[in-house]
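So, here come the structures, one by one.
Next come two complexes built around subunit A: one with subunit B, the other with subunit C.
Up next, the complex of A and B:
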């Protein structure tokens, strides 16, 4: 029982991290109908920027304080993501208005290639560390309930808390600010939003900026867990089942989908994996999402698809 | 003046329903095939064959297959790499396990198994569509990546997971030299290209296009969505599977699952979109573009670097390649979202009314 709970907790926390990446997909799809394959590249780009700036600032400015360095790096990397968002809207999306979904998908794949190349040209292609002072040693919970308690990685726990905070902040931003209201309006209906005077172009920039910040936070957490390296881009591929499971247009869907996929992955790896030779995590998530889709083609929380001729 | 159908009167049904109804088209295609089959083998170097021509032909074939599914039937698929892999491994298993099987039969057998897998993974398309389907087809990709890595039977218990084939021959013709390999692949491309071209203008092709344009309306006028969608998956994955088998057997000779990774799927989709959705000729243009671009960048960048006096490291070249490739794709999509095939048809239209455009 203790072991099962451990696996479950581990799954939930990994799931939280998947949700973070999935959130980036959902935000952009909701506001602009673009399926942003570049989210993974954005995570890598942001993480590379963060890692390298945190290394460079103390050298350039001659101070030792690690917290200050991380803070500065976070701000500068965030600004860089804003610049990326602006450029993407300006140079790509603006020219592809009203194009087919597949063409937009391909354009974001082009952006993926560009960002992968640009990030490694600017910041180097080795493995870098992000050290934001997350405690590494595991801790025990429920020691009074079970014998031996439940082993939980503190790092994962912190990451999950950060992810939860980000989600709360985003929810507040969407529900309580006027910009958030405009974003929701655009997500509901482009034309109606435009006709009451909401500038679509600016909304797209804002939503890509928000996705950039989400990518930065995701990159920071994944980077401090796994190290900042090229394989970070595969995180996006692992977050895709989360997105379609939760529904492409639903923020809560991204979170609940993330938790389901996270738990499903971990449990399947431990209880089914040994039977078939292991390593089934990655496709099991996809098959799980596929089975859900067969029953609800729009995902768990997606908008109902209505067919009209 | 040169290219117009005036004065070409069709007197039989057969003449009216041939694949290329305009005589000039027929001559150009025949001349192209003759050029590719006779002139190219005489002038091309071994490097040209190995690095450019053979990959180009095989990927064109695969792109034709993907275009049938994505361009004609409108089902976006990111699992083409997996269907190539299934074709390659199935052909390999037939080749080594069935005593004395002819090469062509093994390759077509690879296509047959890819068809079966394609139909199974096409079933979700009956419920799910659009981008949801694109992500769902990734399931095929990751599942088969895993299967060929972990299930040892598929790779005949090879310790490193990589498999080899050798001594390819068809009816006593040993396919060993690059030129032979080139001709072998060319034959496949021509046959399948013409078959595909013929298929998409027939009843079944029209059903696919109706489903693509609006599946509900198509169902209303009596097209069975299940039959149309699954037949598109079947035909597409058969061609892609044969291309995969050729890629493994003829181009690589020995391969491991990484040869058919998700990047291959993206590459094929790029070819189809850049070449033009819903065009057989476009798939071939797209394949040429995507195959040649990285090679060109790889050669040109160090030269350019020398010109401006910059020191160019290999790491920089590979990263810059990524950047330029990505930027060019985006630029191309903005300039011509309908692909190279559109330019081709615009050129034909212009030629038709030349030299008096009014």
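Up next, the complex of A and C:
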């Protein structure tokens, strides 16, 4: 029982991190109807910026305080993501108002390559580490309930809490504020949104800024776990099945989708893996996504796709 | 025709020309719209009616000419700025937010007027709460007016066409516009739906005093409800006046029925 719980917890934590990346996809999709291929690149870019600035600031300004360095790096990396959002709107999206979804998707594909290249040119392409001082040593929970208790990584626990807070804030933003409503409106119909006085350009900048911050937080947490390297962009690929599962338009869907996939991966690896020779963890998410695409393409919580003929 | 006081010129369109590449959509169009009137724009298919509306609405920027709203000229403006000035529109091909409920769709029309702090809104406290309630009340009033109470929470994508058209109108009304641009509000409707829509348009005009500019193909409807009519053909203005004047205009007759050679 203790072992099962351990696996479950491990799955939930990983899932929370998938959710964090998936959130970025959902945000931009909700607000512009664009599937933002560049989310993974944004995560890498933000993480690189964060890692390198945390390294550079103490050198440039001559101080040693690590917390201050991280804080400064976070703020500057955040500002950099805002600049990216502004540039994306200015140089790319503004010229593609009212275009087909596929056109916008291709545009984000272009942004992906640009960000990948620019990030590594500016910040280097080695493996860097982000050390935000999250406790590495695992801890034991429920020791009184089970013999030996449940082993939990503290780092994962912190990460999950940060992710959860971010999610709550974003849900409130989308569901309760007039800006959130405007974002949902823009996703449905650019022209109609403009005709009722919603400034499209400002909305796009806002949402790319938010997605940039989400990417930064995701990059920071993943980066501190795995190190900042190019393979971080593949985390975004992991988030793809998550959004398919949860629904492209649903913030809670991204979370629950992430948790299901995180838990599913771990449990299936441990309990079904031995029967088929292991390796389930790698493809489990994609197969699940495939099943969803076949039987419930809008995902668990997505808006039902309605087409009147 | 009921007695209503038609006011001063509220919208003044002067010498508008618009072309797409070599295609001239509009050539030197001028007309005015007076406060509280129902002004129709008619013409055969491809006459440039929707293009005209899109110019007023800021979707297209005409190559030459000016449009003045309450004496204030604007020659280049984005749609959302036009909306802020008090000009709302509906669409020929429905452009509703399909996944959102009827209520949310109409609420988006109130967005411009929601001023409270985003943080307060998110937490629904204090002034933000009161503001939301106030706007919700206004929207409920519109929903009652358009008789769509039963569909409040239905995603608009699921509603039949005629009702979607009403939601489109409702969303435009939520802006409390001074001028309402209607692009074929009755296209594709049956007789009964058309009658309902006519009633709504006239009621909006009467009760809220909203100036209405509408494009419509159904001549019966146009002649019944409008005060003055502009006729376009191949991007040129060929007639302008009361329904009776327009009906007897030679050029208009030949545009619609063709001339014998």
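We take it that the second predicted complex is superposed on the first by the 283 of 309 C-alpha atoms of A that agree within 3 Å, B and C clash if a C-alpha of one lies under 4 Å from a C-alpha of the other, contacts with A are read in each partner's own complex, and residues count from 1 in each chain.
The working rule: a residue touches a chain if its C-beta (ideal position, glycine included) is under 8 Å from a C-beta of that chain, and two chains touch if they have at least 3 such contacts.
Note that the structure is predicted; figures quoted are calculated from it, not measured.
By the document's definition of touching, of the two partners only subunit C reaches A:193; subunit B does not. In the superposition on chain A, contact is made by A:178 with subunit C only, not with subunit B. Contacts of A:112 after superposition on the shared chain: subunit B is touched, whereas subunit C is not. When the two structures are aligned on the shared chain, A:249 is found in touch with subunit C, with no touch to subunit B.
Shared contact residues on subunit A (touching subunit B in one structure, subunit C in the other): 308. Subunit A meets subunit C in the complex at residues 169, 172-173, 176-179, 181-182, 184-185, 187-189, 191-200, 249, 303-304, 306, 308.
Those residues of subunit A that touch subunit B in the shared complex are 35, 91-92, 95-96, 99-103, 105-107, 109-118, 120-121, 125, 237, 240-241, 243-244, 248, 276-280, 282-283, 286-287, 289-290, 293-294, 297-299, 307-309.
The touching residues of subunit B, when paired with subunit A in their complex, are 70, 76, 124, 127-132, 134-136, 138-139, 142-143, 145-146, 149-151, 214, 216-217, 220, 262, 266, 269-270, 273, 277, 315-316, 319-330, 333-334, 337. Chain contact summary for the complex, subunit C toward subunit A: residues 57, 59, 78-80, 83-84, 88-89, 91, 95-100, 104, 107-112, 114, 118, 121-124, 155, 157-158, 161, 171-172, 174-175.
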